[in-house]
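The letters A, B, C and D name the chains in turn, as written, and every chain counts its residues from 1.
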Amino acid sequence: MSAPKKVVLAYSGGLDTSIILKWLQTEYGCEVVTFTADLGQGEELEPARAKAEMLGISPDNIFIEDLREEFVRDFVFPMFRANALYEGLYLLGTSIARPLISKRLIEIAAETGADAIAHGATGKGNDQVRFELAAYALNPDIQVIAPWREWALSSRTKLLDFAEQNQIPIAKDKRGEAPFSVDANLLHTSSEGKELEDPAKDAPDYVYQRTVHPEDAPDTPEFIEVTFERGDAVAINGEAMSPATILTALNEYGGKHGIGRLDLVEGRFVGMKSRGIYETPGGTILLEAHRGIEQITLDRGAAHLKDQIMPQYAEMIYNGFWFSPEREMLQALIDKSQEHVTGTVRLKLYKGLARTVGRWSEHSLYSEAHVTFEDDAGAYDQKDAAGFIKLNALRLRLLAARNRRLK
Amino acid sequence: MSAPKKVVLAYSGGLDTSIILKWLQTEYGCEVVTFTADLGQGEELEPARAKAEMLGISPDNIFIEDLREEFVRDFVFPMFRANALYEGLYLLGTSIARPLISKRLIEIAAETGADAIAHGATGKGNDQVRFELAAYALNPDIQVIAPWREWALSSRTKLLDFAEQNQIPIAKDKRGEAPFSVDANLLHTSSEGKELEDPAKDAPDYVYQRTVHPEDAPDTPEFIEVTFERGDAVAINGEAMSPATILTALNEYGGKHGIGRLDLVEGRFVGMKSRGIYETPGGTILLEAHRGIEQITLDRGAAHLKDQIMPQYAEMIYNGFWFSPEREMLQALIDKSQEHVTGTVRLKLYKGLARTVGRWSEHSLYSEAHVTFEDDAGAYDQKDAAGFIKLNALRLRLLAARNRRLK
Amino acid sequence: MSAPKKVVLAYSGGLDTSIILKWLQTEYGCEVVTFTADLGQGEELEPARAKAEMLGISPDNIFIEDLREEFVRDFVFPMFRANALYEGLYLLGTSIARPLISKRLIEIAAETGADAIAHGATGKGNDQVRFELAAYALNPDIQVIAPWREWALSSRTKLLDFAEQNQIPIAKDKRGEAPFSVDANLLHTSSEGKELEDPAKDAPDYVYQRTVHPEDAPDTPEFIEVTFERGDAVAINGEAMSPATILTALNEYGGKHGIGRLDLVEGRFVGMKSRGIYETPGGTILLEAHRGIEQITLDRGAAHLKDQIMPQYAEMIYNGFWFSPEREMLQALIDKSQEHVTGTVRLKLYKGLARTVGRWSEHSLYSEAHVTFEDDAGAYDQKDAAGFIKLNALRLRLLAARNRRLK
Amino acid sequence: MSAPKKVVLAYSGGLDTSIILKWLQTEYGCEVVTFTADLGQGEELEPARAKAEMLGISPDNIFIEDLREEFVRDFVFPMFRANALYEGLYLLGTSIARPLISKRLIEIAAETGADAIAHGATGKGNDQVRFELAAYALNPDIQVIAPWREWALSSRTKLLDFAEQNQIPIAKDKRGEAPFSVDANLLHTSSEGKELEDPAKDAPDYVYQRTVHPEDAPDTPEFIEVTFERGDAVAINGEAMSPATILTALNEYGGKHGIGRLDLVEGRFVGMKSRGIYETPGGTILLEAHRGIEQITLDRGAAHLKDQIMPQYAEMIYNGFWFSPEREMLQALIDKSQEHVTGTVRLKLYKGLARTVGRWSEHSLYSEAHVTFEDDAGAYDQKDAAGFIKLNALRLRLLAARNRRLK
């Protein structure tokens, strides 16, 4: 592996990625291109431009982009079509953002003639894997630099010393250690590490940043209607919205009602278990609503097949295999199922819980004529059930007869 | 199929099964044995004895049994080891009770020399399938009588006429039609039909029988600790309890806090969709707690395999294949995984939601030494991640190179 | 169900379906439309026309069609993209033909204004299910008549009597009972029943109709090259051919070399086990060749996912769910995987066996640079394997440490 | 990682592992324990003892063991219960031997107080992963030395120089390069590398070492009967044999008839594709026979579930996860299914092909009474099929009605 000449860095403008920026310049003597994306993390991006310029990046090499619509439309929504949950509970808020960042890093590398990319993920986590697998899948020749795996800045003190030696400004509140580490985007906020490392201890209240405590949420439930077309949310209470707008609005509803908190110990792809506190207010409502609309518009055979492959699909995304043939194959299967997942779901939001209480659709498969306890006018012949049961039972009866014979 | 000589009837003591009892006597001229089980449905059983006697059943032919411990120990708990959810949401409260009833019907048939069993499930639902598949699996030669599929009593009026003609007492509140149909046992209460048949309309408040409205639940959260051994709950707040006792206690906690309500449209095995309102207060807490303890005690490979096969396992139970080789094979797989699922989970109960907030165990696989953001004293070498990613990426890079070559 | 007015009959021209034709006329007094398809079963179709006319069918109501290309292109080839095998061994030769026949029956019913279709499958087999599920999936209001389940012609004698009474000519060789029952199309010939009903006894040599005995096959192997494009065979030995032509040619190769015989006891959808003797000469070669080309052109992740879902896909086809959302979803997944399954396979054919001995492709993922035992010029860094193994082992080590600790 | 003090080496007695032995002594100055196992590879073991002694290993540190029975009983047979095939074709002959070797290495390390093990697998292959994952799963603190990933002996010349400098005798035929690399045990022989690296080119005849060319096999078929008990082969032609004896005998039959050759390009766990020539004579017969006996003794639901999980089971073994919870969970599922897989299969062996031609069992589920084309005396009521189909079709009809309505 030859030394990189030009590196595109996933740059937040914060202290850590500023140190990385400077370290890349000093360690490799290479040109650095910064890429800062708005994925809905709720931070201003322009300070990142100023800081990059201050660190000597030429304006041509500073890329700042609002990717919120692409993020929701091409990553979040396709994933929600699958009702994806990792280990039964986790809505994959961090996992789903990484491939988009890598995609843009690789595209910007191609535009700017860079031969490498760099990211600020550590060597213990899943994010390094997600960044790098996506990058290699999109450009097999790209060089990936992960400073946290390489450098000697192994303690907070050494990092701060390096920053000071290199005239990187250090905000006052970064002098001390943060009590935990945070990642955020339009789908979720995750908190982990340090204060949260003992999975037996309740997470302190101040960890939660995006949802009110259910105890502080309104004492009156709120009802909303979410409309879907072909598996994707397109309107709230009848008002059409773009993907990012709809997720933003759902986040507001969810945040207000304390919805979407999760305290999870999960199995990382790199092998150990870790504990995270996740807040996914809008996503939690969206999953509930999507299941709600599928209940009446999706055939049972289709629904069960989807449920069956979902854990593997979620695992692929968690492990960083978004840009893999197997994820694309499962996506083709999932998308095929969503052709008629169109209609509206009514939800009750109250004190931490979003619950489907009604759903309707032109595409409904629900047939009151068939299910009714009343006279069904011949829609269903109960006598058919006898034959249905008899033939489903046949192999079980042959088994029972065999086993009895051998006793 | 020859006429049955002696029939064991699943008998609740209610109007419908009393009509069936009489109908069996008159239609087939056969001896009837009644079987009434306490599965935790919350009704007195002795009135069923009196009523059976009044309908001419000899005391020897009246079987009344408390099956609550067997129900929870041998059916509910094994199912919860799997974290089973049908169509992502339903805890299978009705489905899991049916095979036990069939098992006792078949055993009583053997004891009493009966050649047939009978049940009161209609020809449109899943329960007929569950009763009958279980029965045939346990006795391939048994005859099964399902009066609702056979008789001419096709309207409420005809049923009441038949009852009157046969001196079957009709409670006043049974004169009119019930606004919906209810099934209950220690795990859940389900309501469906009639008033509930329009899935667009909110279920009226009075449908819920077992859980308070979240709005009426206590304004202060309650915290409990559930202890597991080998996958099964064994204690609450440190107090050891039997399976049925623990589920009863969890039901009280859940009911008080409005936990475990579900409004679902589901795909029935017989082909149509139906809408049910389910209340599973204790089961909802139990699922959350079981996932919580698995988070620290179950290996990732084991957990993911379990998640992957769960939908099929749930489908088997829903469809009535409890006594089938494939369910037993999956159970063997699941039980094998639970050897170390031992430890305690702390849950917060509040206004409809049960949420894990802590968990600890002697059997924990969580290693703070590995995951820590602090110095890990060499437990984990971050450089290993580079090779890990490189080899995971290799096939993706070969793919990307191939695809680029062909452009 | 009202009496049918006009019925489209799947008509072979043979004795049994001629009896059905007449029975429909006499039983229901309805107009009959005959549909006779060439699916490569190797019989002349024009005699069917003459016979239908003789039985009073108006020329407008006689449909005779060559469906061989559609059969292979739209049914056989999509299925072979999946490497589908039922119960590990069966190439689904009968199963895959039924949905096409139903599709045409339904289309002809629409064209001719018929309100029903009829088929000659018995009530014990899978074919009735396949015909009818496909028909209902394509027209939910169609009426399906299955005479074998309805009529009183319960013995060979009664059938022949009925034929004689209705002036249906009986070929001499049909007077006696056939020693077994045969179904054939371009993909396979199946034989079952009667002489073959004891699964312990070798099938007699004369059962095999389409393949020479391996002992009689040429003593010299033959080598052929099969070329694929996007998962479908398109040429043999460099000569481009249409789908049906290519399968016909492969059948000739296979038949000559005694390839594709299978003696199987299988589990029928209706519940019992049955024994069949199958000959699938071309299909057996095609499966081997398709696996051969996938070996170098299909990514491991894609290939393993395909293998994993294959048994369910095969089961769907066997059970008659070709026209179901779940089959279409799996097909979308499978087809997505085949984009680069393009290239050529070299096979050795000899005495019953077709074996891949070479394969090459522009789309190959095989990288001699990576795999070589020789110096690989840095394509692969063996040190990466250490980290790869370390992190794959991490969870196993944590498990082992836990288990040791608890001893 | 501290320097190892005592290392247990998987030692074949050949040149390469002798070089490793000496390299361990010189590189680490550590004590070496040699472990040489008879897994049926067909080589004398005593020369390995002499050579180890000559290289300075004390007799106490030389372990030579015949593991053939354990290998077949505890590894091969459990795997064959699953009908395991990797990528549809490979019988996993190398993969299944590795965990046993690791198990003994770890056990000997415990006995001898060694703190490390070493193996001779290269850094490009699967075997390093299999050896090491198994080792770590059995002893999380063991140190593993893989000289091929560490040393500087990067060419044949350097290896031979090292051997000469260290007085390691070099057999004449080892001076030149072997044309390909071979691994063998009682289950199979694999050949790969060098001459075989071009997957387009036929493997030369001299590669095959264990099976005659089908062209040279007897011109007359041979028939054998294999008897199973609970899924494992226990007798041939009525003669009871131990596991290793039975596999040895099947190897003789297979070898004689040219059965079990496979030319495969497979996806390695480490990411690239490789080409192997495999000979698995006895195993190929065993798989066919096992499928044969399952056909009549295994329920359809059980069989389909087994088929469905098989590819993942095979992948686990291929990837080296034999000692993992997920493999053990699948094994529990598989073993549960084999309780009645008892009976006898008759096979025809001829010119490369082993084919089931008959099977019988006290445990058979095959019911001639149900399947017969003749009068079945009421065993099966064909009218049941109508209801069975109607209810299976119901959801498809509701779908079709919905789709038609929306047009």
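Basically, a residue touches a chain if its C-beta (ideal position, glycine included) is under 8 Å from a C-beta of that chain, and two chains touch if they have at least 3 such contacts.
Predicted, not measured: the structure shown is a model, and the values here were computed from it.
Q: If you take the chains that touch subunit A and keep only those that also touch subunit D, what is left?
A: Touching subunit A as well as subunit D, we find B, C.
Q: Can you tell me which pair among B-C, B-D or A-C shares over half of its residue-numbered contact pairs with A-D?
A: Copy of the A-D interface among the listed pairs: B-C.
Q: So how far apart, in whole Å, are subunit A and subunit C when each is placed at the average of its C-alpha atoms?
A: Inter-chain centre distance comes to 42 Å.
Q: Which whole number of Å gives the spacing of the CA centres of subunit A and subunit B?
A: 32
Q: Touching at least two other chains at once: which residues of subunit A meet that condition?
A: 267, 270-273, 299-301, 304, 312, 321, 324-325, 364-365, 367, 370, 380, 383-386, 388, 391-395, 398-399
Q: Quick check on the complex: what are the subunit A residues that touch subunit B?
A: 83, 87-89, 122-124, 128-129, 132-133, 136-141, 146, 148-149, 154-155, 181, 193-194, 197-203, 214-215, 219-221, 261-268, 270-275, 291, 295-296, 299-300, 303-304, 307-308, 310-312, 315, 320-321, 323-325, 346, 350-353, 355-360, 364-368, 370-375, 380, 382-386, 388-389, 392-393, 396-401, 404
Q: Tell me, which parts of subunit A touch subunit C in their complex?
A: 267, 270-273, 299, 301-302, 304-306, 309, 312, 321, 324-326, 328-330, 332-337, 391-395, 398
Q: Which of the residues in subunit C end up touching subunit B in this complex?
A: 299-301, 340, 362-365, 367, 370, 380-381, 383-388, 390-392, 394-395, 398-399, 402-403, 406
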